[in-house]
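Questions regarding the structure given below will be posed in turn.
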Amino acid sequence: MNPAGEPGRYAGMGTVYPETEGMVLRETEAEEIRQRLETISREIRKDVVRMIGLAGSGHPGGSLSCVEILACLYFYKMRHRPEEPGWPLRDRFVLSKGHAAPALYAALAWCGYFDRDELWSLRRLGSMLQGHPDRLRTPGVEISTGSLGQGLSAACGMAIGLRLDKLPCRVYALIGDGESQEGGIWEAAMLAAHQGLDNLTAILDNNGLQIDGQCCEVVDLGDLPAKWRSFGWEVQEVDGHDVLDICRALDRAEEASGPSMIIAHTVKGKGVSFMENNVDFHGKAPTREEMERALQELEGA
Amino acid sequence: MNPAGEPGRYAGMGTVYPETEGMVLRETEAEEIRQRLETISREIRKDVVRMIGLAGSGHPGGSLSCVEILACLYFYKMRHRPEEPGWPLRDRFVLSKGHAAPALYAALAWCGYFDRDELWSLRRLGSMLQGHPDRLRTPGVEISTGSLGQGLSAACGMAIGLRLDKLPCRVYALIGDGESQEGGIWEAAMLAAHQGLDNLTAILDNNGLQIDGQCCEVVDLGDLPAKWRSFGWEVQEVDGHDVLDICRALDRAEEASGPSMIIAHTVKGKGVSFMENNVDFHGKAPTREEMERALQELEGA
Amino acid sequence: MAGWELRHTRDGYADALLELGERDPRIVVLDADLAKSTQTEKFKLRFPERFVDCGVAEQNLMAAAAGLAATGKIVFASTFAIFATGRAYDQVRNTIAYSNLDVKICASHGGITVGEDGSSHQALEDIALMRAVPRMKVVVPADYYEAREAVKTVAYLEGPAYVRLGRPKAPVLFGDDYRFRFGKAHLMRSGKDVTVIACGYLVHKALEAAEELAGEGIEAEVLNLHTIKPLDRQGILESVSRTGRVVTCEEHTVIGGLGGAVAELLAEEMPLPMRMVGVRDSFGVSGEAEELVEHFGLSARHIAEAARALCDLAP
Amino acid sequence: MAGWELRHTRDGYADALLELGERDPRIVVLDADLAKSTQTEKFKLRFPERFVDCGVAEQNLMAAAAGLAATGKIVFASTFAIFATGRAYDQVRNTIAYSNLDVKICASHGGITVGEDGSSHQALEDIALMRAVPRMKVVVPADYYEAREAVKTVAYLEGPAYVRLGRPKAPVLFGDDYRFRFGKAHLMRSGKDVTVIACGYLVHKALEAAEELAGEGIEAEVLNLHTIKPLDRQGILESVSRTGRVVTCEEHTVIGGLGGAVAELLAEEMPLPMRMVGVRDSFGVSGEAEELVEHFGLSARHIAEAARALCDLAP
C-alpha cells in the first residue's frame, strides 16, 4: 500500500508531494524544491500580512516566523489530501502555538482545503477562520488550539492512536519557544519519549521572543537542545527559514527511534523589515499603511 | 546578626542545630552527628508506622523513604525555632510530596512544634494533623500541599520573597520522582534557574516507585541529573539514607550560584522489610499485626 | 448504612470498561498513576495495548486523550475527580470540549467521602466546573449498576462526558437489569409533599430521609438525578409542579452543582421554595466517610430536616 | 455606546497597583507573559524589583504567588481570566485558597468582549470557577474607577480574591471620588417593577435597558453587583422583595455565575420569577466586542426584553 495515494492539488502552486514513505530529498531535485517552497512561503507571508491587516487584529510575528516550516510540511513532507480532509492515512499537523493560525490558514488554502476568499474573513463574526484554530469550522485543522502548551500533548495522543491502528501516518506539532515554558510541554515530552513515539516530530519555532520581551529575559529557556535530549528526544537544529535545511531535517526525523525534535532558529516577523525581531508585532495588526508597505516588501523579495 | 538565634529545643533528642551561617559539617563532629541523626530517623520511622497503623490509612512507603532527608533538614541544617513557628528568620521547608505528611509531622513533633500525643490523631476528624499538610492547622507547616507538583513552585515564591527582604533564610523543598512527571515541576525549575534562586534547595526522593509501579515503567524519568542540569540547576546525588552524605550535600548546596538539586537515592518503605520496594505500601496502612511487626523490626535496628 | 448491600461505583466503571473493550476495539483507556484507585487497572490487565498510563501528569492526560480521540478512538480518561476537573480544567475545556472529542472523563474519588486523605483530595467543586463547560455531559451514578450502565451509555454519546465516581462502597439500589436513561431524572419514590433531588452517594440518604418523613406523614418524592447535564428540565418541573417544594442533595458544594442547576431552572421556570443539602462553601477535612457525611450536614437526618422545614412553610 | 466616556478597567488596576506599590513595600506583582495586556507592565516599570514575570506558565504563576504571600507579601497575580482560573484552577484552589494566602488574582480579558481572539481566549466560566472555591472573593468591576478602588480594597482583605477585568474600554460610570463598598450591591437606579442585577461590562447595558423600559412605564431598579462573592444577600433580597422580579446580566455563561448565585439565593430565601441574560452555555466566537454582545444576546435590548417578559407575567 502506498499511503501517499495521489498527490493533492495545490491550487496551481505545483506540487512537491512525496510519493514514497521514508522519502529522502533527492539532491538532483533540491533546487526545484527549494524554489517552489520559497515561492509558496512568500505567498503565505503575503496572505498572513493581508489577513491580519484586513482583520485589524492577530499575531503577525509568530505567524511569519513559521512560514517556511509550514510550507515544508504541507508542500513537501506531509501526506495529505486537501480534497479529503478526513483521509484516514493522512499525516497530522497540530499547531500547538495556535496564535499562528493565519499562517496555517494560508497554507491550508493554498493546498486547496478551502477557498482562498475565506482568508479575508479572518476573525470576523461567522467566519470559518477563527482567531485561533477551530477544528469544527476549518477543514484541515486537526484539533482546536489557542491555549498554549496543549498541542504537543494532543499530538502525542494522535501518535499513540495511529500507532495502535498500525497506520504509517506521522504526526507533526509546531510549538513556540515562549510556549515551551508551559509545564504541559514537558509532560508531553516525557510521555512521548517513554512511549517511543517514533511517528512524532515536533518543530520548535525558536524565534527568541514571546510577548513580554525576549525569552531569555522573561524566563530563559537555556540550553534547549540539552533539555530535549535530556527528555529523551532526538534533536536537530536547523535554520528555520532555509527550506532545504528544514526538509532534510524532516526526512531525518523519520529515522529516529523515538520522538524527534527539530529546533528551528527563526526570526519573529520574518520577511517584513519593520516586524522582524520586533516584539511589538507579536500580537498587533499592521495599520493599512503598514500592511501596504509590508506587501510591497514581500512582493519585491 | 546571627540568624541562627538560639538552638531550638528538641524534646530531649539533643540538638545538632547549626549555629553559624554557611556552616560546614566539621569532620571531628561527624560521628556524633551521624549517631544523633540516625537515632532521630529511627524514632521518626517508628512514629510513621504507628501513626499510619493507628489511622488505618496513609502513605507509609513515601513517608519512610524521606525520613533521613527530613531528619537532616530539621535536626542539622535548618535554622528554625519550634517555639516560635513564625520566626521571620527561619528557613522554610515545603513538603511538595504532601502525602509523606506523617514523616513531616513526626519530625515537627520531635522538634517540639506540638505535642507528640497529637501524632496518634492523624487523619481523624478534628485532628490538627490532616491527611495532607494544612498550614492553617499544623504549626510548622509553611504551606498546604497534597496536590502534587505545586510545592516546588511555592518554594520558588518563598525564595523570591525572602530574597526581596534580603533575609538570609533558605528554602528547602522535597519532591517525589513520580511527582516529577508533573509539568508544574518543570515550570518552577525554569523560573528558579532564571531567577538565580541561590537560596533554594530541592531534594528529590528518588525511590523509583510511584503508585502504578516503577517510575521507569509508568513514565520513565530518564536521566534525572541531566534533566535538572539542562534546566540550569546545580545537581548533586546522594545516598538518601546516609545522613552524613545528605548533610554534606545540604552544606554544599549553599555554595551554589543558583538553585540546587539534591537527588537522593532512596528505598521506598525503607526500614520495614516487607514494605521496602513494595509498591503496594505506597498508600496502604499496615494492619495491626503488620504494624507490630514493623515496630519490632525498627526497634531492633 | 445498615441493611444495604455495598459495592463500589468505580467497580461498575471497571466492569463496563471490560465489556466495552471486549466488543469495541476503539476503546482506549488513559490514567494518571491512579489506575489502582480508579480501577482502570482491570482494563489494563486485559487490554494492555489499549491502556496508557500518563504518569502524574493530568494536563497531559487530558490533552493526549483529545489527540487519541481525534484519531477515532473512544477514550476514557481517569484520575481523581479533583485533578481531572481542576488540574486539567483548561485542557478539558479548550482541547477536549472545544474540539468536541469523544473523551469520557471517568473520575473516582468525587465528594467528601474520599475521607481520610482530606481536603486536597476531596473534589467538592467538580460538578460545578464540568457543568460550566459547554458540550460537557455530567453524570453522577448512585450505585455500582448505575455506574456500569452509565459508562456504557456515555461511551456512545457524541463528544465529551464527565462521570463522577466515588471512593467508598455505595449502597446497591439497582440490579443487573437496570436500564440507565441518560438525561432523564429517575423517579425512585413517589410523593406529593416535597421533591427530593439527589445524586450519587446521597441518593440512598434521600431514600432513608423519605422513609423517615413518611413516618411523620410527609410524602417525599425522590428523584435520582444521575444526569446533571443536560438537565431533565421537564422531569424536574413535572415533579416539582406537583409537590411545590424541592430539596437538593449532593456531596458537593452548594455553589454551582446539582443544587445550583436546579435553582437556575426553577428561577427561570417555576420559582418555588427550595433547600440545598450540600457542603456549605468550605474545604473538606480528614475523617471517615460516613462521619464526614454527618459532619457536613449531608446525612438522611439533614435531608429530612430540610424537607420538614420546607413543609412547615406556608404553601 | 454613544454618549459614554470610555476607559479600560485594567487601567484602573494598573493605577491602583502604582498607588499601592508606592505606599506599601509588601506589594509584589506577578504575571505570565501578558504584562502588556493585563497592564501590570506599568508596575514593572516603576518597581522592577517587585515584579516577576513567570513566563507562559500559569500553574507556576499561581503556586509561586502563594509562596511569596507566605513570606508576608501581598501578591497580585495576573494573566488572562481564562488561564488564571482554568489553567491554574488546582493551584488556586489547593495552594492559594486552601492555605488562605494573600494572593489577589487580577485577571484581564474576562468575558465575550475579548472579541477577535475567539473562544480559546474568552473566559465565560471564570466566575463560576472562582465562586466555587471556598475562601475566594469574587469581584467584577464595571468601570475604570470601580476597578481601581476595588483593587485597592481587596489588597487589604484577608486571603485570596479574584478580580475580573475586561479587554475593551468600558463606559465610565463613576468618578474619582467613587467609594467601593466591598460585598455591597450598589444601587445605580431605583425602580419598583423589576430588579436588574448586572456586573462588569453589562452594568451600563442594564442602565440603558432601564432607560428604555422607563419609556414604556416599567421602572427597573438597577443593582451593580460588583461583588459576586460574598454575595450581598440582604441587599439583593431587600430590592427583590420590593420589585418581585429579577433579571441578571453577565458577560459569562448562565451556569454558575452571577445568575447562578442569585438563583441559589432566591431559591432558598425568596423564590421569585427571574430571567438570566448571559451566554447560554456555548463557546465564544471571534468577532468585534459589541457585535458579540449583540450576537450572544447580552445587549441593552436583550436585557429590556427579559425584563419586559417578566413584567408581563402575572405578579
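In order of appearance the chains are A, B, C and D, and numbering begins at 1 in each one.
The rule is simple: a residue touches a chain if its C-beta (ideal position, glycine included) is under 8 Å from a C-beta of that chain, and two chains touch if they have at least 3 such contacts.
Nothing here was measured: the structure is a model prediction, and the numbers come from that model.
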Longest centre-to-centre distance from chain C, chain (CA-based): A
Between chain C and chain A, distance of the C-alpha-averaged centres to the nearest whole Å: 41
Distance from chain B to chain A - Cα centre to Cα centre, in angstrom: 44
Whole-Å gap separating chain C and chain D, where each centre is the average of the chain's CA atoms: 30
Per-residue overlap in chain B, given as positions that touch at least 2 other chains: 134, 144-147, 149, 181-184, 187, 190-191, 194, 219
In chain D, residues with contacts to at least two other chains: 54-55, 57, 59-60, 82-83, 87, 90, 94, 98, 119-120
Overall pattern in which the protein chains touch one another (line/ring/star/complete/other): complete
Contact footprint of chain B on chain D as seen in their complex: 28, 49-50, 52, 54-55, 57, 59-60, 62-73, 75, 90-91, 94-95, 98-101
Chain C residues touching chain D - in the complex, by the definition given at the top: 82-83, 86-87, 89-90, 93-94, 97-98, 119-120, 125, 128-129, 131-135, 246, 253-256, 259-264, 266-268, 271-276, 281-283
Chain B-touching residues of chain A, taken from the complex the two chains share: 149, 181-187, 190-191, 193-194, 219-223, 226-227, 229-232
Parts of chain D lying in touch with chain A, wherever the complex brings them together: 31, 33-37, 41, 53-57, 59-60, 82-83, 87, 115-121, 285-288, 291-292, 295
Chain C contact footprint on chain B (complex, rising order): 55-58, 98, 123-127, 130-132, 134, 144-149, 178-179, 181-183, 210-212, 215, 218-219
